[in-house]
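First the structure, then my questions, so here it is.
By letter and in written order, the chains are A, B, C, D, E and F; residue numbering begins at 1 in each of them.
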Amino acid sequence: MNFLIIFGGLNLEERYDKGLKNLEKIHPEASKALLESLKDIAPDLGRFVIEFPYGDIYERPGLNLKSREIATIAALTAIGDTKPELKDHIKGALNVGCKRQEIIEVIIQMAVYAGFPRAINGIDIAKEVFKELDTK
Amino acid sequence: MNFLIIFGGLNLEERYDKGLKNLEKIHPEASKALLESLKDIAPDLGRFVIEFPYGDIYERPGLNLKSREIATIAALTAIGDTKPELKDHIKGALNVGCKRQEIIEVIIQMAVYAGFPRAINGIDIAKEVFKELDTK
Amino acid sequence: MNFLIIFGGLNLEERYDKGLKNLEKIHPEASKALLESLKDIAPDLGRFVIEFPYGDIYERPGLNLKSREIATIAALTAIGDTKPELKDHIKGALNVGCKRQEIIEVIIQMAVYAGFPRAINGIDIAKEVFKELDTK
Amino acid sequence: MNFLIIFGGLNLEERYDKGLKNLEKIHPEASKALLESLKDIAPDLGRFVIEFPYGDIYERPGLNLKSREIATIAALTAIGDTKPELKDHIKGALNVGCKRQEIIEVIIQMAVYAGFPRAINGIDIAKEVFKELDTK
Amino acid sequence: MNFLIIFGGLNLEERYDKGLKNLEKIHPEASKALLESLKDIAPDLGRFVIEFPYGDIYERPGLNLKSREIATIAALTAIGDTKPELKDHIKGALNVGCKRQEIIEVIIQMAVYAGFPRAINGIDIAKEVFKELDTK
Amino acid sequence: MNFLIIFGGLNLEERYDKGLKNLEKIHPEASKALLESLKDIAPDLGRFVIEFPYGDIYERPGLNLKSREIATIAALTAIGDTKPELKDHIKGALNVGCKRQEIIEVIIQMAVYAGFPRAINGIDIAKEVFKELDTK
């Protein structure tokens, strides 16, 4: 039964399940909102989000989840025009054990590599997230 | 003597010295090459590199150097057209304790946030760095 | 009469007229809004939009309008921070014969080349456009 | 047997095989070079290239391969710093039926959306590809 | 007393004071808002803004402030996703002697180097700033 | 004779001639190389370069050529992956009266708005240009 020969230790269904589990662990609220938002227009993009980033990448050994979130926050801050994703990953970073100050440090550091406007905008977004969390 | 009232615990000369020390610690070879390269045309840019990124940012508590290098590699991979800097920071990440596999994981992860071309180019650059190090 | 020696088959006035015709054909509503919006502050930018993209480029043989809109949607999604233009070109693509599913496929595909955040943001924008069209 | 419940009509092994088939169809030469180049340092990135872009995306109905390559060439030209990928996709576009003039038109059009430097660089890359093909 | 050996003619406190003076001169209103906004979450980023861009860079001889603001407006327009910073620097450019038409010319010119969407968005932002100023 | 009603004071042929004259004035050497390089593959892109940037934009009153080149160097440095264009415009800036130090100042300033890697790469390119000019 060839289809049992799997890549990376997962068959397709397990991959989806692992991805969903990672997505829900890192982004317990945002995951539902994202999938709901894509459901009617591009449900397969929602499935790809589960399968590739969360089923393949965040599942990989070799880098812990905290470091993965630091890398993601750095990249999203540097790239720009990623506010919804940056908000989700700031929450995700907190969920996997990053401290608020660590997140702020990553964003400030982006002033060096992507310029001050990206860093200032990133800090504004972090501020919005922290305020949301504190008023719950 | 007002100039003794310092920000972040440093006066200007201490800041420069701390920056140079951090630069040399993280990039023992590249630091000399960078400053040498800027010497005749824009020596102050070399000084700013020492003072702001390495004197102010990498000196800050709140995020360890390993995490700072992970953030930098993520950002440089995602931004693109940063080959010399990415090479230096891959070496810098190794110098502050990152494993090769961790660096590779950060770069692969950028396929999710900045697209496959950036990740593939980043891996090519990492390969070049590792080969350089192995042939020394 | 030298000014009759024309480049690309158009003299300046014909070029403007052809551009305006293409702009109105592809973006019947947005064209008026764009020109109106630029009228008081930078009317020449409005004229350049008519002349260069729509008079020179979209007028060229060698690639049909449907393929041109696919190329534009791909680029705008990948570049980021182009919401008003992406909205206009999603409508424009529909006006020249693209199907909704084709537009969605182009945007999803950008996850590969520009990362998932750009693709997800693009899908959100497409959703907004389709909803606008359906509620008319 | 739950693992037979598949997403998008493929199980994991079929997905890999379809991806490899698409990759080899679109890029008969580059595919081997890419996988060879990633083999020792990040073999899983090579596998992801096969599985996600070529197994998931290029396999999807709803947009023909020619239009997919037009979208990819537009995005790669607009993003910048993607020379190896743009070279491969210009060849890929020819392999799935695009004419040289269509490719040139897409790249010229990017002057409008991403500026002249990106378009001029893209044309230089296309010129290099066409010359390679003509001297074989 | 070694710390009196200063770089660029300033000690740390003078540098901060010069930076603050430049910031207030160029952006009399925005400076307070920016520092206030960063105060609780990342006060050091506010300090870095004063020290590095305004204490080090805008203080340098060799390029007048008007030309510096032209360079900044060009870059912010071209980069994208920099609306708050572009608004501040359009006001800043006016404060150091640029005419409205000069600012508009810089932004229109970006259509050539970064594409029409960036130029059109930049003009929209300039329009918003000019309207704000005219209604005061 | 309607076609005598022109926009911006030019008919199509005059516009081309003015553009060519501006191109040759700002870039006396690069202009020939650029047009020669595009001649066989995309001659119309060469024509568009003459007509739109140099016939329409650089011809406009409201901003002097020196300021236009400062804006262009800022944007090209900030955008990245624009080495050939940046080289040409550094020479162009010198040709219209910018001093070397002014060009260096613009590029250094980009560290603030686009990050240090862009500024350092820009300085490397300027260094290459100045060396070329000095060895002639």
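Heads up, the rule we're going with is that a residue touches a chain if its C-beta (ideal position, glycine included) is under 8 Å from a C-beta of that chain, and two chains touch if they have at least 3 such contacts.
Treat the numbers as computed from the prediction; the structure is a model and nothing was measured.
As for how the two copies chain C and chain D face one another, over half of their interface residue numbers coincide. Repeated interface: B-C and one of A-D, A-F or E-F share more than half of their contact pairs by residue number, and that pair is A-F.
The distance from the centre of chain B to the centre of chain D, with each centre set as the mean of the Cα atoms, comes to 32 Å. Residues of chain C in contact with two or more other chains: 44, 48, 52-53, 60, 76, 78-81, 85, 104, 108, 110-118.
Chain-to-chain contact here is organised exhaustively, every possible pair of chains being in touch. Of all the residues in chain D, the ones that touch chain E in their complex are 78, 110-118. Note for the complex: chain B touches chain A at residues 52-53, 57, 60, 62-63, 67-68, 70-79, 85, 101-102, 104-106, 108-114.
Of all the residues in chain E, the ones that touch chain A in their complex are 34, 37-38, 40-42, 44-45, 48-49, 53, 76, 79-82, 84-85. Against chain E, in their complex, chain A makes its touches with residues 80-81, 104, 107-108, 111, 115-121, 123-124, 126-127, 130. Against chain E, the residues of chain B that register as touching in their complex are 2-8, 10-16, 44, 47-48, 51-52, 56, 60.
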